[in-house]
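Below are two complexes that have chain A in common, paired first with chain B and then with chain C.
And now, the complex of A and B:
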């Protein structure tokens, strides 16, 4: 009897084990193959967040009716943020991964989140940026939210003219950004270069207000912000009458060329007798002059270096001069002609020293070339003497 | 005894000039050849290391700017035992960074980028740390290996 009971229990245990072994970890993929993301792609799959975690149902069941039992559903757009937040707002769950748990709270304050709450189905939710089934880590270069991919991800909606028109927005922001100095840096592989989310925020994405722009730009352009804060333009910005940085540089296009900035200045200071216009014209001329001098010295050092003249010391001085010239760009934000001039003069003094040293080296090189003449004279003289000697030997032999 | 100076005929004079010229030519050829074949003094023409002077003259919390191979080098005495050396060319746009003793940070004067004592970019626009050089005290002298 005991033996029979033991045999029955063993059979049941073995049957259950066999059934479990045959059932894949997530049986949903047997039918929903299209939605299944490979293990190496989906960060959720690797962390055992499976289909049922979001869609409900029973992933262990092998029959359709049983596996769909419960609350299997297609998730509505409006439900997505709250659904993701079930885990992503849970401090205990997110702590081990070092993921912030205020993302949902931020989203609710964002323009996307506010519109979604109003019932607008057009706006982006979590899945629009991160993907749905094949969600990758942010650090994964293939992730749509990897820094290099962010502009293209935002452009999927923000470059859609019809969609933007429906919401009273312009669709040229992604194109403008693509031509900006920021985008050029990103293209070069500088992952710290600003993308859309650097200025607008990611989960709490919203356009900065007029008074906030200087702080947004100042996150990276610390020196420019500090110097600009001492100007009359800043006082106007505080009153909300001047759009600080974007007035001259624009917002998405971000212009930095002097001729572009000059056009912006002229919008307010068009009169040629305007003291401000005279001042900025002088500042621009000072900067251009210093840059031209630096470029001239740099080219000369390179040329002489290629000619075989040692220019190690001059190369080191060039770094100093470059620092002086590069300081001019932030310094012009003071709109103070004398400060810009003083900075330019420092750089020009170093450039003069470089040129003075190079003059000496070029003179020495010139003397070296001239010394070839007496050497040739010596060689020709020797040839003549040999010719005389040869003639004498022949004469004696005859 | 005759006091007449020894007379040199044209033939002897010509021979002397020719041999003198040959000797000068031979010397001019031999010197660079020997100099080329002579073992190099210190590995190569370029310096493999640069001295930042005696350690006893290098106060804690100060920095020195050096030049080697046409490139600047910044050396900082972090503590009694620890020296650090970096390329002072800012990883943002290439300005020369400076040591700020009060805040014990390395600061870029152009765009206010800040690097910590390990050369790591901690604030402002620099996208990368400062490239480090190894530095050691050899027989009382601070030596930066390039």
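And now, the complex of A and C:
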């Protein structure tokens, strides 16, 4: 009996605890169910930031008049950043969570923030990206600002043709990004792949200027930036006459295929006698040749390995060759034919060594085929002897 | 020469003081001199070739076990080591891999010869039943051994095979978990298949083979006389087992061994890529000897297919009890021969359909796409 009573009491206590844990601990829920529903996943709710923290009022009161007494209000869009900043700019409050406190300052310098200050109600505020209720941590895969979800979050406004038209912007950026190499990486699950905020910033979102593009791309493509800085194109970029990386690779629809880049080159170097055109044609041919040689060697190593020939050393050399071939992509940014050729020749020398070794191994394997002759000679000889013996026995028996 | 003779005499005397050598010699002489019926031909060597291949599988299997490691981390690498670095490892592995295929072919030929000559009829029903069970055990040998190299093809082939087992009503999910040791092919599966392959099945096959041979030697080879009217072979027309038939087998063994060695050298068993549970290869298919059954299942709804697919093996197993015709000569049992030959042809056709299904093939310059059921359609690419 005692056991049963304690079981019932324990169940009731646990149920109450669970109910309390899953709903905001105030009276607002009674009327504002729709807003309260997503709060059980909210990072704010878990840290005791409740309805009244933002909206004001008295959450302890159970009657509407009393609970709405004071300054209960629906928060205007223009007020949102400053309201969030009340806590998020407070170093003492944010420090324990390791959250930066310059977000509001950045926002104020962003295109969104500047426009909001001008009274533009269309621009994004904190709640547009992070949500208003049910705010999740950035690391939560369901958060709208989780890396994989960022393009879709930005696209909510930036793919809206009417909205963008009102502000004199194009609405094709999200679509273009979706077809870029960056988006492909993100789709594969590479969370370090660039999204909108990698280039434009998140809270301080603003399009980089022409001269800044190389620095934005150079955050990841360090070698390319370094080599590009030594070229004539860079000097033109400094003068504002060349849009550095995006001239060849475009901005949102990032292209890396050689044929696409070649088209971009031809825009300025269309004349077939143009030395620059001759040079880039030669550079592309060198890279293509090295890549084809590498692929051939890779296929051969794999084929022979599967066929039972030991290729461990060749696989190690193949890695070396791969490094050489991968170096060609940044190297072409020098626009220096001789440097590209020298790098390609290094890789090709390794590939030649691989093929030379494989030739030797294939020759060494030929003894296996030659061994068929003595095997057949011996076994057919034995079969012949047994046959003769059988014939003789039959003859004797007859 | 006298040294050898003295040694033999010494050994005989030594053994004679400890064993009933006269009885043993009498037994061996009786077995060796046992007369065989006059119709015994080259086709009667399929059984002994199967026995030879069983010996090959056991010896090469033991040698492979020296280097093989049955874990997902090491299995592929150990087979790669055997194929590339261990002395003559490639040859031993080739003999084992080709041996398994050739053993199934030899058993099929042996079964076909026994069927066509009606050697399964009374009093040899048990010999047939044990032979069919042996065939099942050898196919299981192939199925369990297929996974051991832990390659993409073996991993996904086993996945398909265990999926089929899992779809059997009632016991299927349990059988699948028992086979896999989980919900998918994993290290647990590899351990289970390895134990079954190297410990359980060898004993089962050796035991069944021993019983099969004892029955065969006790009852003698079937003649072509009708059931109940068999005449014990005697006189000048009989063929002595030793040395006549043994010499015939030696001729066949020598030629067969030469062919097998050639296959190992010229058609090496490639290892392929290591198993990757996250990457499913396109159009993966089971081994050729499972292909007819696999294709057969495609033509029926799941449950019905599984029910129907148990009928042909059962018919084969119970053949001696179903075929009541006492005649053994093919021309005197037209119904049985016609049904049997049609079943063999259907099996071959199912195997061919299974091989080509879901593949694009160019025939006489025209591209064809074989659908799921193995039916060819003009490829849209060719139509353009």
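Operating definition for what follows: the second predicted complex is superposed on the first by the 360 of 398 C-alpha atoms of A that agree within 3 Å, B and C clash if a C-alpha of one lies under 4 Å from a C-alpha of the other, contacts with A are read in each partner's own complex, and residues count from 1 in each chain.
Everything below uses one rule, namely that a residue touches a chain if its C-beta (ideal position, glycine included) is under 8 Å from a C-beta of that chain, and two chains touch if they have at least 3 such contacts.
Keep in mind it's a predicted model, so treat the numbers as computed, not measured.
J.: Identify the partner contact of A:292: answer first if only chain B is touched, second if only chain C is, both if each is, neither if none is.
T.: In the superposition, A:292 touches no partner, neither chain B nor chain C.
J.: A:161 in the overlay: touching chain B, chain C, both, or neither? Say first, second, both or neither.
T.: neither
J.: Would you check which partner chain A:319 touches, where first means chain B only, second means chain C only, and both and neither mean what they say?
T.: After superposition on chain A, A:319 lies in contact with chain B alone.
J.: Among the partners chain B and chain C, which is in contact with a greater number of residues of chain A?
T.: More residues of chain A are touched by B.
J.: What is the contact status of A:386 with respect to chain B (first) and chain C (second): first, second, both, or neither?
T.: After superposing on A, A:386 lies in contact with both chain B and chain C.
J.: Classify the contacts of A:31 with the two partner chains as first (chain B alone), second (chain C alone), both, or neither.
T.: It touches nothing on chain B or chain C.
J.: A:100 contacts which: chain B (first), chain C (second), both, neither?
T.: In the superposed model, A:100 contacts neither chain B nor chain C.
J.: Would you check which partner chain A:117 touches, where first means chain B only, second means chain C only, and both and neither mean what they say?
T.: Once the two structures are laid over each other on A, A:117 reaches no partner at all.
J.: What part of chain A is shared between its chain B contacts and its chain C contacts?
T.: After superposing on chain A, chain A residues 311, 382, 386, 389 contact both chain B and chain C.
J.: Quick check on the complex: what are the chain A residues that touch chain B?
T.: So the residues of chain A in touch with chain B come to 190-193, 220-224, 226, 311-316, 319-320, 322-323, 326-327, 329-330, 378, 381-382, 385-386, 388-389, 392.
J.: Looking at the complex, which residues from chain B come into contact with chain A?
T.: Per the touch definition, chain B meets chain A at residues 11, 14-15, 17-18, 21-22, 24-25, 67, 69-72, 89, 93-96, 109-113, 123-125, 127.
J.: Which residues, counting only chain A, touch chain C once they are in their complex?
T.: Against chain C, the touching part of chain A is residues 305-311, 368-369, 371-372, 375-376, 379-380, 382-383, 386-387, 389-390, 393-394, 397.
J.: Looking at the complex, which residues from chain C come into contact with chain A?
T.: 80, 83-85, 90, 236, 243-244, 247-248, 250-251, 254-255, 257-258, 261-262, 265-266, 268, 270-273
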